[in-house]
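I have placed the structure first, in the form of structure tokens, so that the comments after it can refer back to it.
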Amino acid sequence: MSPAPFTAADFAVRPPEGCGVVGVSNHPDAARIASLALYALQHRGQESAGICVSNDGSFQLVKNMGRVSEIFTEPVLRKMPGNSAIGHVRYSTTGETSTCNAQPLMANLRRKQIAISHNGNLTNADLLAEELELGGAIYQSTTDSELLLHLIAQDREGTEFGVSLHRALTRLEGAYSFTILHDREMWAVKDPRGIRPLCLGRLGEAWIVASETCALDVVGATFLRELAPGEIVRFSGGEVSRPPALPAAPQAFCVFELIYYSRPDSLAGNKSIYNYRIRLGAELAREHPVSADVVVPIPDSSNPAAIGFAREAGLPLEMGLIRSHYVGRTFIQPAQEIRDFAAKLKYNPVQAILNGRRVVLVDDSIVRGTTSTKIVRMVRDAGAKEVHFRVTAPPWKNSCYYGVDTPNEKELLANKMSVAEMQAFLGVDSLGFISMEGVKRSVPPTMRYCDACFTGNYEAGRIVRQTKMLNR
Amino acid sequence: MSPAPFTAADFAVRPPEGCGVVGVSNHPDAARIASLALYALQHRGQESAGICVSNDGSFQLVKNMGRVSEIFTEPVLRKMPGNSAIGHVRYSTTGETSTCNAQPLMANLRRKQIAISHNGNLTNADLLAEELELGGAIYQSTTDSELLLHLIAQDREGTEFGVSLHRALTRLEGAYSFTILHDREMWAVKDPRGIRPLCLGRLGEAWIVASETCALDVVGATFLRELAPGEIVRFSGGEVSRPPALPAAPQAFCVFELIYYSRPDSLAGNKSIYNYRIRLGAELAREHPVSADVVVPIPDSSNPAAIGFAREAGLPLEMGLIRSHYVGRTFIQPAQEIRDFAAKLKYNPVQAILNGRRVVLVDDSIVRGTTSTKIVRMVRDAGAKEVHFRVTAPPWKNSCYYGVDTPNEKELLANKMSVAEMQAFLGVDSLGFISMEGVKRSVPPTMRYCDACFTGNYEAGRIVRQTKMLNR
Amino acid sequence: MSPAPFTAADFAVRPPEGCGVVGVSNHPDAARIASLALYALQHRGQESAGICVSNDGSFQLVKNMGRVSEIFTEPVLRKMPGNSAIGHVRYSTTGETSTCNAQPLMANLRRKQIAISHNGNLTNADLLAEELELGGAIYQSTTDSELLLHLIAQDREGTEFGVSLHRALTRLEGAYSFTILHDREMWAVKDPRGIRPLCLGRLGEAWIVASETCALDVVGATFLRELAPGEIVRFSGGEVSRPPALPAAPQAFCVFELIYYSRPDSLAGNKSIYNYRIRLGAELAREHPVSADVVVPIPDSSNPAAIGFAREAGLPLEMGLIRSHYVGRTFIQPAQEIRDFAAKLKYNPVQAILNGRRVVLVDDSIVRGTTSTKIVRMVRDAGAKEVHFRVTAPPWKNSCYYGVDTPNEKELLANKMSVAEMQAFLGVDSLGFISMEGVKRSVPPTMRYCDACFTGNYEAGRIVRQTKMLNR
Amino acid sequence: MSPAPFTAADFAVRPPEGCGVVGVSNHPDAARIASLALYALQHRGQESAGICVSNDGSFQLVKNMGRVSEIFTEPVLRKMPGNSAIGHVRYSTTGETSTCNAQPLMANLRRKQIAISHNGNLTNADLLAEELELGGAIYQSTTDSELLLHLIAQDREGTEFGVSLHRALTRLEGAYSFTILHDREMWAVKDPRGIRPLCLGRLGEAWIVASETCALDVVGATFLRELAPGEIVRFSGGEVSRPPALPAAPQAFCVFELIYYSRPDSLAGNKSIYNYRIRLGAELAREHPVSADVVVPIPDSSNPAAIGFAREAGLPLEMGLIRSHYVGRTFIQPAQEIRDFAAKLKYNPVQAILNGRRVVLVDDSIVRGTTSTKIVRMVRDAGAKEVHFRVTAPPWKNSCYYGVDTPNEKELLANKMSVAEMQAFLGVDSLGFISMEGVKRSVPPTMRYCDACFTGNYEAGRIVRQTKMLNR
């Protein structure tokens, strides 16, 4: 008899995803630089990738389902000359099989070409879509990102692109970090609350903008600074200028970027995020101490948190779960039919570490709880005497409206259960989440944060309405 | 030493191409019927194919570079349920590698979906494009066909789709046969001069429209009639209605459809086009008689003309050139690198027929003269004593502005040379083209024709301006 | 309701197939020349193609399912340097999905490399296979062709390759035309009865052998002569030598090559086969005269026969069935699910020709009768008053044991029915097959023929036994 | 200006590779179980994978270049019914583009089918190959593994398969763990020195053999025991039997399997290899102590060793290098053309950890030194004050003749340089390798080891001769 089937969730390498954007200006091989930068941002979106390059105003767009490394091979890059480029990586929503929603989006606008890459989510998309339709808009995609193009196109007064762009941006609500290619110029924009990251770097004569600093590192660029909330930057023939910013709003940087979403080697507040995760782990150890023999991270994203926890708790750290590097998307595709040892394909327990021990498992979030439950069972099967689960995020109860692809609120484990119920569901001897205050104590104090997913406090607004036409 | 390289032109199975359209309404398997109909229209455009199907107003679009049979395989068709569909086959212009200009074009228009297939060419596209941009249009393709969508979208007064469509159509100049899918309805339109064909058929409870009757035959549909110039037909839930037609203009049916472009088993004026080609061949034999031993067609498209010529001339017909069925596009792709015996791959001479004979070669057109020259040389190499070339079209001197993809006017052999010069260039002992009057005597007398490619008389207007932005 | 499904047979472009072989020696671009030659032989086998090239004794083998033009693209050919090469095209038997039986077959033999291409079929394959197994042979394929390799390998006495090859060949029974690549030499062999064709040509300093002369034409080579039955030719560094031939046997050239299998532009007995088909058509008209209005070939292979028939009968020839050039294999693949208008996809009737007429259909063979029946129905549906079917082959009653891939004998229409029954089955007003004597009167009188498929006279022996292990 | 190109070595996820084998008997879905087991062995060979399944003696073989997850998708597995199967994963040697050397190898042997999978390397391959050629063998591959098939095939006396197999095995020298499928039976064999691992497990009614225990874990099988050196096991219809073993020889288990090659969650001597790596790290800390601030592993394979080192040295462990999970083979393919930040694509330094610190880097081997040099430079660029390199293997000076794919001996860094020279080459402040005695103190004392790669003591013999014909 064959074992029960896998579910797609079993295989998800990282539970929640979103998008990543890059922009390159004034580099003779802009598309290649953009591809390497995207490569470093692949963790932000693994299902599609795209680059649009401008060769003196003549655009070329390549985008496809798949990984950066599969799409931007040498033969492809060799045919993409040009000195400015923008790029995008993206998760895909269930069932999507075409590239019509992949980005960058490209269009012909008043005899010039334009392309945009968007990380974030607009909360007033449906209202804008209706209004723009009355003005004659027809949509090539069903993404909210396309609305920016139509707002610019329908701007009757704007004789200059920058003016139209500014006017269009003031109409948007929600979260956005944009890179925009227009004719021979590149633009970068961050929303007034600065919800999503966007940083600026320098590589010789070239300028690079990217969602995270790790994308600058990979191409050897120097990190200059984060864009300020509401900032607009224009790159033109090697020159940078800063048109008037968008009207200010209180900063609301996504705290989940620090806990899980960004790469640990990226910087936040000029320090490695790795450090903040060490601090989160230590804080967690103080908030939820436990008498145990060994601390084991759910690799790889929880490694720093587990190190911090072990150090604070004075317990030995061991890599008691070995993660396979060969779980491929291909394997996932026909997911329904594959078998139930999914978690075993991804993680294998090290018996020598776990057998007879009291084990602390450290993770950085619990989403649906499916994978966590399987890991706990696996650790018990390997002989663990006790299993204690510690999480460096507060209980995740609410959907993100600002660009992190989360399951329906109803599917979030913490939305359905109390901590005690979750402990029973996971089958652990104890369960501890860091407190929201504990998080705040661990992350850079100089910034204000959006913590809506944990607190339900949607400072940047809720999504107004959801209609059939625009499936975001 | 390797022989000199092929050129793409050596391989072109049929020199000039354009597009073909179909529409299917009220059939439970509309996409499959559309695919079979497209299959029969493949000669009108071999480089891309697409079908958009409406499943109760929810659209699905599949289009790709390649042949109908490669794109619409069973697994693909099985995933395209729906009871109305439109389809398109298309040539591709040089260097095009993406599908952004392939059709049908699909968009979201006022919360409903719309898709269009277009055969023809608009002469006022650039003026319209400029005007629409002022109204806020952004373009997803660089085809003139997209303009119809924007004209409808920007129609402020039209509360009803049919009204907006009619108003939009009156703005178009040039040639068009459209099939349109809007929500749950299908529409078919022919331009006021009726330049391109579009016929109506019935298959059980379903309605079929298609560029040629051979597409009706292949699905077993009954041919009802050609659409009248300017006619608009609406198909809705099994019902057909005829909204007011477009303002009348003198008919100008493309005479080249009869000479070469349409399939010989399609009907024109309710008779097989095969018959008119027999008549063209006979007329040619009367206008340019020759003392010879054998009549040989350039297969397959010239077969009927050669039969007509041979019969009128009292000479034996022989298939002295064998055409290979295995010249594939794949072979063409890396065209620059392939070798010079291209013509030999496509046609092989039958020595037993040609050796020592005075040969009449019958063809239906001379475009650049490249392939003709190679065939003549091949026939001479096979031992022909004399080679006489006869063409069932007048000298082709002018570009078509109405949807036949022709090379630049400057490349047309008859535009550069007199008949005597062409005779020398081709290396033949005599060369005869049918006269324009001869053509008119051979084709249905009940219709008026566009003969601009031969006469330069562009009744339906010239292309106003050609800009970089819209490469048609 | 959707129509009934296609069967694979509906789509078969040519009913029976086999194999074609080529060999090129002493040409700097041997693989490319071989690919072009194979291209011209594609009609002999459409399902797989392969080339093995020797670059100073270092072999490279490329073979795959698919057409020559798809497999041997420029990027592939560019990586196949070498100055001798052999090639092969092959049909595939039902259900075969791998390339293990595709040819050339390659092996390492006493520290040197060897490859073979085989057209034909061995009748004593099973006996040889058993004997060779006792000697230690293990088989990489299930084709009889591999046995030659093992016979050579197990030849203990042979210190010289040519001696071992000769000894091995004398063990083979049945039909074979081989091209063999061994180290830096190329060899060509024809069986003692000369059942399959194999011709020799010259291209500059290079030598070409091929199944048919049309393969010489396509590369611009000069035809020198057919190999004699039993002849062995060795090509080594530009030199040609003729080792002792195989023991003589009465010639038995496959008469079906002349009737249908070879291309009409190939030569037999130094004359175009086209001519013999004209003669077969004329003979058929004399043997089975009919009062009718028009003669229509089943295109393209029956065109010459129909011309011969029409001329002899004094009736007009018309191309009353238009053949589509776009019936692709891709379309065939999921054959069970496609619909019944298969024949219509391949042939479309010209109503103007058929309506109200008494039609003579001329074909070159009837295999299962499936396609013929559909064509007849189609011609009747187009309005034909009478349909008379004429075939330029005698009734085909017996399987071929010598390399033409025929259906099981039980499926052959003429094996199951009398002529009268076939006439009823096809639904025709009269049915006439040419007599065996008529065939003999029409083909070159200087040769002796194998006519086993029509007469059951298997001069070259029957297949001894058929076991599970070797599925030929 | 673009940066300098990557080399393929920059991208190698794991420096040295070899092969992995599995066998499944008496399971209704044997191919699927085999594919999951191979999945867990992917680290042993990442370039090709294959499975041969026996469905009551009728074999089906699927093998291809690529990852297990890409080749054995659900549609493929669904078409591979059968209750016994063997599988193989393999590295590929430079430039290999075809699958002719991929395994399992399959052949037809005395009317039955046989397939073999081989992990190891035969040292007397060339002598055997010559001898077998004299007996008439022709080779379908250039792998030494094929020789076993020919030895069995040429065994004249063996009337029973087991007898022939035993006789054939006694002729082999070197290293081999075989899984063999013959008709309806499966066999497993380990060479008399037990150089490569091979373990036996039970899954319900089924038997599993595999190179490592992690392959048993993934399918939920129970580990029974390692095969003994020289052991032969036969699986037939659910029954297991042990024919007489091969003549005994002193055990020589590959010590490198413990240091690096096997997965840490696999068992050796019934304990997790993870444990031995912790011990190797601790031993290394004792042998080469250093005054430093932080211990950083080269992830992931050195994680346990670094933990052991840090713990023994009383230094904090930090994951100061973040490894990307998205370095794909696709990216590697056109390796010459990609850019020099290869190491940065694979590892990114965490500045917060490295800046201003004295860093101990722990790795498990140095092969060519190329990647190590780049990592050191990267760590220095991140601000490290000192870099100390520690290796849990002795200097690797000699090629492996027993199945680990190593570069040419001349390319091994330790073969070219003293430790002092290597320290300068790597640019580190100190460099320490564990001693051979230190290794022996850390690994299971109950086994004897092969340490030829470190000591040059080739107990199991050297490769006799290397000829052009068989490229192993």
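Order of writing sets the labels: A, B, C and D. Residues in every chain begin at 1.
As a working rule, a residue touches a chain if its C-beta (ideal position, glycine included) is under 8 Å from a C-beta of that chain, and two chains touch if they have at least 3 such contacts.
Bear in mind the structure is a predicted one, so any value in this text is a computation, not a measurement.
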| item | value |
| --- | --- |
| Winner on C-beta contact pairs when C-D is weighed against A-D | A-D |
| Computed distance of Cα centres, chain C from chain A, in Å | 60 |
| Chain centre separation in whole Å, for chain D relative to chain C (CA means) | 49 |
| Chain centre separation in whole Å, for chain D relative to chain A (CA means) | 36 |
| Multi-chain contact residues (two or more partners), chain D | none |
| Chains that touch, pairwise | A-B, A-D, B-C, C-D |
| Chain B - residues contacting chain A, complex | 98, 107-111, 114, 130, 133, 135-140, 142, 149-150, 153-156, 467-469 |
| Residue numbers on chain D that touch chain A, as the complex places them | 1-3, 13, 28-29, 32, 36, 39-40, 42-43, 46, 67-70, 73-75, 78, 204, 214, 217-220, 263-265, 267, 271-272, 274-275, 299-300, 303-304, 307, 311, 316-319, 322-328, 330-331, 333-334, 337-339, 341, 344-345, 348-353 |
